[in-house]
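Each in structure tokens, the structures are laid out below.
Below, subunit A partners subunit B and then partners subunit C, in two separate complexes.
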Partner chain A sequence: MTTQTASRYTAEYSKIEAKLPGGSLPWLLELRNDALKQFSGRGFPSLREEEWRYTNVSSIEKNLFEPRLEPSDQQIDKDWLKNYCLADCWQIVLVDGYYSAELSNLAGIPKNVTIKSLNELLDADAEQVEPYFGKAVSIDEHSFVAFNTAWFGDGAFIRIPAKTLLDKPVQLLHVVTDPNRLAATRNLVIAESMAQAQMIETYVGVDQAYLSAAVTEVFVEPNADLTMFKLQCESEKAYHFGGTYVKQSRDARFSHHNFAFGSLLARSDIHVDLGHASECNLNGLYLGIKRQHLDNHTRINHLEPYAVSREVYKGVLDDRARGVFQGRVVVAEDAQKTDSEMNNRNLLLSNDAEVDTKPQLEIYADDVKCAHGVTVGQLDEKSVFYLQSRCVDEETARNMLTFAFANEMVTKIKQKSLHDLVLAEVLKRFPQQGITQDWL
Partner chain B sequence: MSASAKEIEQLIGKEYKQGFVTELETDTFPPGLNEEVIHKLWKIKNEPEFMLEYRLKAFRHWQTMKSPEWAFVKFDPIDYQAVSYYSAPKRKEDGPKSLDEVDPQILEAYKKLGIPLDEQERLAGVAVDAVFDSVSVATTFKSKLKEAGVIFCPISEALREYPDLVQQYLGSVVPTGDNFFAALNSAVFTDGSFVYIPKGVRCPMELSTYFRINAANTGQFERTLIIADEGSYVSYLEGCTAPMRDENQLHAAVVELIALDNAEIKYSTVQNWYPGDKEGKGGIYNFVTKRADCRGENSKVSWTQVETGSAITWKYPSCVLTGNNSIGEFYSVALTNNYQQADTGTKMIHIGKNTRSTIISKGISAGRAQNTYRGLIKVLKGAENARNYTQCDSLLVGDKCGAHTFPYVEVKQPSAQVEHEATTSKISEDQLFFCQQRGLSAEDAVSMIVNGFCKEVFKELPMEFAVEAQALLGLSLEGSVG
Partner chain C sequence: MLNIENLHVSVGDKPILKGINLQVKPGEIHAIMGPNGSGKSTLSHVLSGKSGYTVTQGQVTYEGKDLTEMAPEIRAREGVFLAFQYPVEIPGVSNIYLLKAALNSIRKHQGLPEVDAMDFLTLIKEKVRLLEMDERFLYRAVNEGFSGGEKKRNEILQMAVLEPKLCILDETDSGLDIDALKVVAEGVNSIRLPERSFVMITHYQRLLDYIKPDFVHVLAHGQIVKSGGPELALELEEKGYSWVENKQAA
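Then we have the complex of A and B:
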């Protein structure tokens, strides 16, 4: 069954093959062929795979999403899009998976910084891409990576050269404008040694069913410092797969803030390989309402000694939503003095909501400090009572506490425009919409 | 530090004391497994009709199943046709009627193990059922227990004498097709203990079963069934040892516990099967399915296990909390050394309202061992106000071992409260230094710290066995503490 429906996708592949970028590059062609073989052999991930046991993607197989063959010339509702274009940021906009020069705004970016469409760069100067492409994640990881590798049409290539500090964040805005569209994008982000930058990935789309499948490979070179935000606000009918695969070199610092709010079915992968004495922070917030299914998958590989990792993921699930958290920390045999903490907190607000969480520690070194914690529960009755005793009615008290629970992750954002946007998105999904914000 | 590391090495490396072989004449089936073997087994055990059907059904189902591969253990595929499924010491027509008739060599073997089959002995408060390879050779204090109405006998005897009772409960917690090893066990189980505590009875003494594998090339497939009727209480303990051999031997047991309204079962295990030698050669494969059903309201089941033996342990004593207000507990110390592998933990399935579960798991990994905690907390929709607390700590001794924690939490009920915490660390040098500075040798310091680490679990064991467990821990750790 799996392979059968995958074959619907593979059958379509021959139609688009010629249009895909990099057709003249033997290395890419070979990789695409391997990926296609891998995908047609395995199909989309099934519940039988341990890493996918809580997330059923069969509806993606049933809908045959179609990629656009070339950049869209369709007019996009700019007023709507403006809501998501952050002030004080450089923007690179991908429409239905293709770079749009018209919508992007890169004015004033330092000359030595490369921000380009991957498609164009593969035509013009593929040598810049080759050393990085497919190096942070292999097509064997799982079928979505293979699928993305075979199908991607465009993406962003961002390179911040050594010792460069970007004073404004770079926003990578993914927009899908058509129903039934497949937007497969592939992004590469390279922060060279001692560079410092912030990146914001934003995913939005029309209020229709579509599939957005993005893979982002990130390289944080020695002593570089990269902060990434991912704001996933896809339509509530959409399917989203977003994988971020990070390689951190010696002494590199990487922080990731993952806000999973949208989609009918969303899966996010954050995998980080840690080098010597590097530091990594993963924060996440997933808010599920209606029939949403939000799967958050993280893996931290401590490959070398002295690295530090911290991870906090919080979830609020209401209505019939289902939240999944899978977090895995692997400490390799030589990674002594590893220091790792992982935390997952979940709040269930409705009788029909569900949460499945699976934190894992896999440790092969002895001189380590590793801990993880998970909780699933309700609001603390004592806190509710405390507020009630201060003349706050029960409903407001519960809303305040739920908001405070989620807001902890939002307050970590220092960039004002992004903070306000995320806060607005949180409030939109808040139980009892439009609650007065006088206590905010 | 290096000096203390050496002492720790010494501490962990002590020999397996129970590794002797008892020379006996035995009735042993030739290796191999087919329906004929099951017929033969059924006949030799003189079991009621329904058991043949039960066994064949399990066997047919087993043939369609595959050995599970998801556990974090590595071993070569087992050739199930090379194992003998029945081995018993030769004996007179009906088996021993009383202790005096038991083969003195077997008595001697148990004496050597420190298990008193003699009712006058030190552990006079404990009734023992001694299972030797495929059969139970003796059960002590039977008459005294009978006075209280408690049935404590080998399961093969129970099948002959209380067939209705056994039929009612056998397989009701672990169905024949539950998993690969449970199906195999259901098809070929030979002996084990049967306990029935009638309504309102508090069992007057501790019950215990001592399992001994002696014969080579056999597997031990034991089956234990404990039923605690309304308002009763029982504390049960099992222990196990085996000779040292270069070949791996299979031990696939099934234990079913049933607690009815207001009943409580306390089940403790000190597992000390032969763990294999320093190079990882030999040892027992311990693939066990243990499950308790808290069927009644306010029932309680508590599992306590100290796992120090076996080359591979694959074991998840679980509780199905069906009754409202029922309680499940799991306390575990799993120690692995050299090339031992353990994948153990528990499952708590919350079905009834106000059900509570507590899990305390301590894993200690030394040498080149791999120690995995794998647990599932599942809260179903109807389990209002379910509560779980889980704590798993791992201690690493040596830089070649691994400690892994794989908890699964699935919650479908918003009023449930589930907490899970896990830590992994090594014995801190500060702690060691502190103890040494107060005049303790490094070895004593390590043993003290390890015992302190496990204390929460040991305090759940019946007193005599807590002492044994502590000593065992010292022995198993020998030569590894660093």
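Then we have the complex of A and C:
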């Protein structure tokens, strides 16, 4: 420790403080100060915390990642970025944590839909933000939320008004362009009553060490239907800490598909609070190679009766990669008739690969249906034999089945451009000889 | 083509097959019938190379080579095809992917270059038409969510694409209603060739109404207890398996 606080980052805060958005908003200033105090006292999470016991984040204290003080004017390699800009989507692009009007593409978005830079909206019309900011997650959740709340420079604000059906997904593309950069973004997504929309969060960056720390708060209001995808394709040297915190009102539906492929060290938190008779689906796929460490942390809070939750997370770990799955389902005393299933399946492809999986059910109600299952293992031998009996040698058969294990999660994506991108990323890690993507 | 001599097979310490003799010549269709537990499936598994079976005595030669020495994929590449009683579902692998991987494995085995993508598409589309199947079927995951009939038709499609010399149909009729059975049988008939042989393993005579065998063998207690022409199947249907089982006991 170089200062009396628990983190080197605290000492740097005064350099950026004045530049951060919302300085004239008392409610936000207060929240930032509380968050800063919280973070200064605790620093980043340590292995002693139960929710962090498998993930050591101390390396982000060794490098001091620095935020930009204002939007980047750096030229970005547009040909490279094009790979991640999905066709048939509206795009809002954040470069090094700041909204880029130039790279975003919001042409033709329905007039009643709001998609804006959070920074700009806090300047122009903070009243739209205040009712939601910090309402889906509190700074007490863990230190990264406090850190993000104190440090965020910009982000996206997306609101789909009541009864509006968006016919194209909105892609929120996070790009980091510099080494040692800290990109702290804060995003708000609101699907008002009976709205229907799809959102795709994509995280990419240059082949350097950098730190991405994002918090996305999501509100799915009564009867709304929101599907979110997160494609984490950060550089293999990068650190990624991303939390998605969801509040579902009565009868709301929410699906989340989490693809964790990139980063040297990544942690993803998906927390969902379920209202009366709401429904959530959480799907995840983490593919670790080399020395990657991929941590996925989910929590589903059944707060009211009749809600349904389904969760399937799959992991494939090769080389010296390490995967973590902590899935917690909490059924409150009032949440009778809860129906919940959680499943985590892992494949370990090398002797040095590791997975730590911990499903947790906490049930305080007495009339519920809850199931959970975990497997860590090898491939199904019947399937291996079936492929061999179809002329395929054993090694290729195992390779095909490993790919298939992952691809099963990819086939759930119906949006073609996203499907093709995710599939391409899977194929980069587990190539399939002589196969064109169209056939998969 | 296939020559089984005095074949004894055990699972663990338990002998299942106790001296099977069978000769299949090119173009012949053999039906092997028998009650549950007679060793029918064991025979098909041993021929296809499934692990867990020990040949304790006798031999199996295929085109003059020892079949039991070959890995399952080598047998398949040499032209032995097993249509499974319960085809395995493989979510995440499309039919077209499996077919291409299989076909290229055979071509590599034969010292041929990989099949050209366009030629491959033309070929499988032709087979799909031949079997009166929907092309979209090719892009679905292997057997995932297929009905019993669809799974069996998929086996026939694979057979049509891989063009084996010896086809072993393991209880292809099980779990099929009469309409599905007809469709599958027509599929098999459509890929019959003068030099292609079939061994059909079945519990019931009804499959043989649609695919006419040249020979019928009855398997009981791990041995072939009776062989004859197609009329044997009808006689069995009438008198039941106890007829041959008792006869053997006597």
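Just so we're on the same page, the second predicted complex is superposed on the first by the 423 of 440 C-alpha atoms of A that agree within 3 Å, B and C clash if a C-alpha of one lies under 4 Å from a C-alpha of the other, contacts with A are read in each partner's own complex, and residues count from 1 in each chain.
Heads up, the rule we're going with is that a contact is a pair of C-beta atoms (placed from the backbone, for glycine too) under 8 Å apart; a residue touches a chain by one contact, two chains touch by 3 or more.
Source: prediction; values computed, not measured.
Peer 1: On subunit A, do subunit B and subunit C fit together or clash when superposed?
Peer 2: fit
Peer 1: So, does A:Gln378 touch the first partner subunit B, the second partner subunit C, both, or neither?
Peer 2: A:Gln378 sits against subunit B, while subunit C stays out of touch.
Peer 1: If we overlay the two complexes on their shared chain A, which of subunit B and subunit C does A:Thr411 touch? Say first, second, both or neither.
Peer 2: Only subunit C; A:Thr411 stays clear of subunit B.
Peer 1: Which of the two partners, first being subunit B and second being subunit C, lies in contact with A:Leu348: first, second, both, or neither?
Peer 2: First partner only.
Peer 1: A:Met400 contacts which: subunit B (first), subunit C (second), both, neither?
Peer 2: Touch status of A:Met400: second partner only.
Peer 1: Which partner chains sit in contact with A:Val392 here, subunit B, subunit C, both or neither? Use first/second/both/neither.
Peer 2: A:Val392: touches subunit C, not subunit B.
Peer 1: Name the contact category of A:Thr357: first (subunit B only), second (subunit C only), both, or neither.
Peer 2: The first partner, subunit B, only.
Peer 1: Applying the touch criterion given at the start, work out whether A:Asp366 contacts subunit B, subunit C, both or neither, answering first, second, both or neither.
Peer 2: first
Peer 1: Once both structures are aligned on chain A, how many angstrom separate the closest C-alpha atoms of subunit B and subunit C?
Peer 2: Minimum C-alpha separation, subunit B to subunit C: 18 Å.
Peer 1: Which parts of subunit A are in contact with subunit B and also with subunit C?
Peer 2: none
Peer 1: For the complex, which residues does subunit C have touching subunit A?
Peer 2: Subunit C reaches subunit A through residues 48-51, 71-73, 75-77, 81-82, 84, 87-88, 90-94, 96-98, 100-106, 109, 114, 117, 139, 141, 158, 162.
Peer 1: Once bound in the complex, which stretches of subunit B touch subunit A?
Peer 2: 70, 379, 381, 394, 396-426
Peer 1: Please output the residues of subunit A touching subunit B within their complex, sorted ascending.
Peer 2: Subunit A residues touching subunit B: 50, 333, 336, 346, 348-351, 353-378.
Peer 1: Which positions of subunit A touch subunit C when the two form their complex?
Peer 2: Contacts found on subunit A: 380, 382-383, 385-394, 396-397, 400-401, 403-408, 411, 432, 434-436, 439-440.
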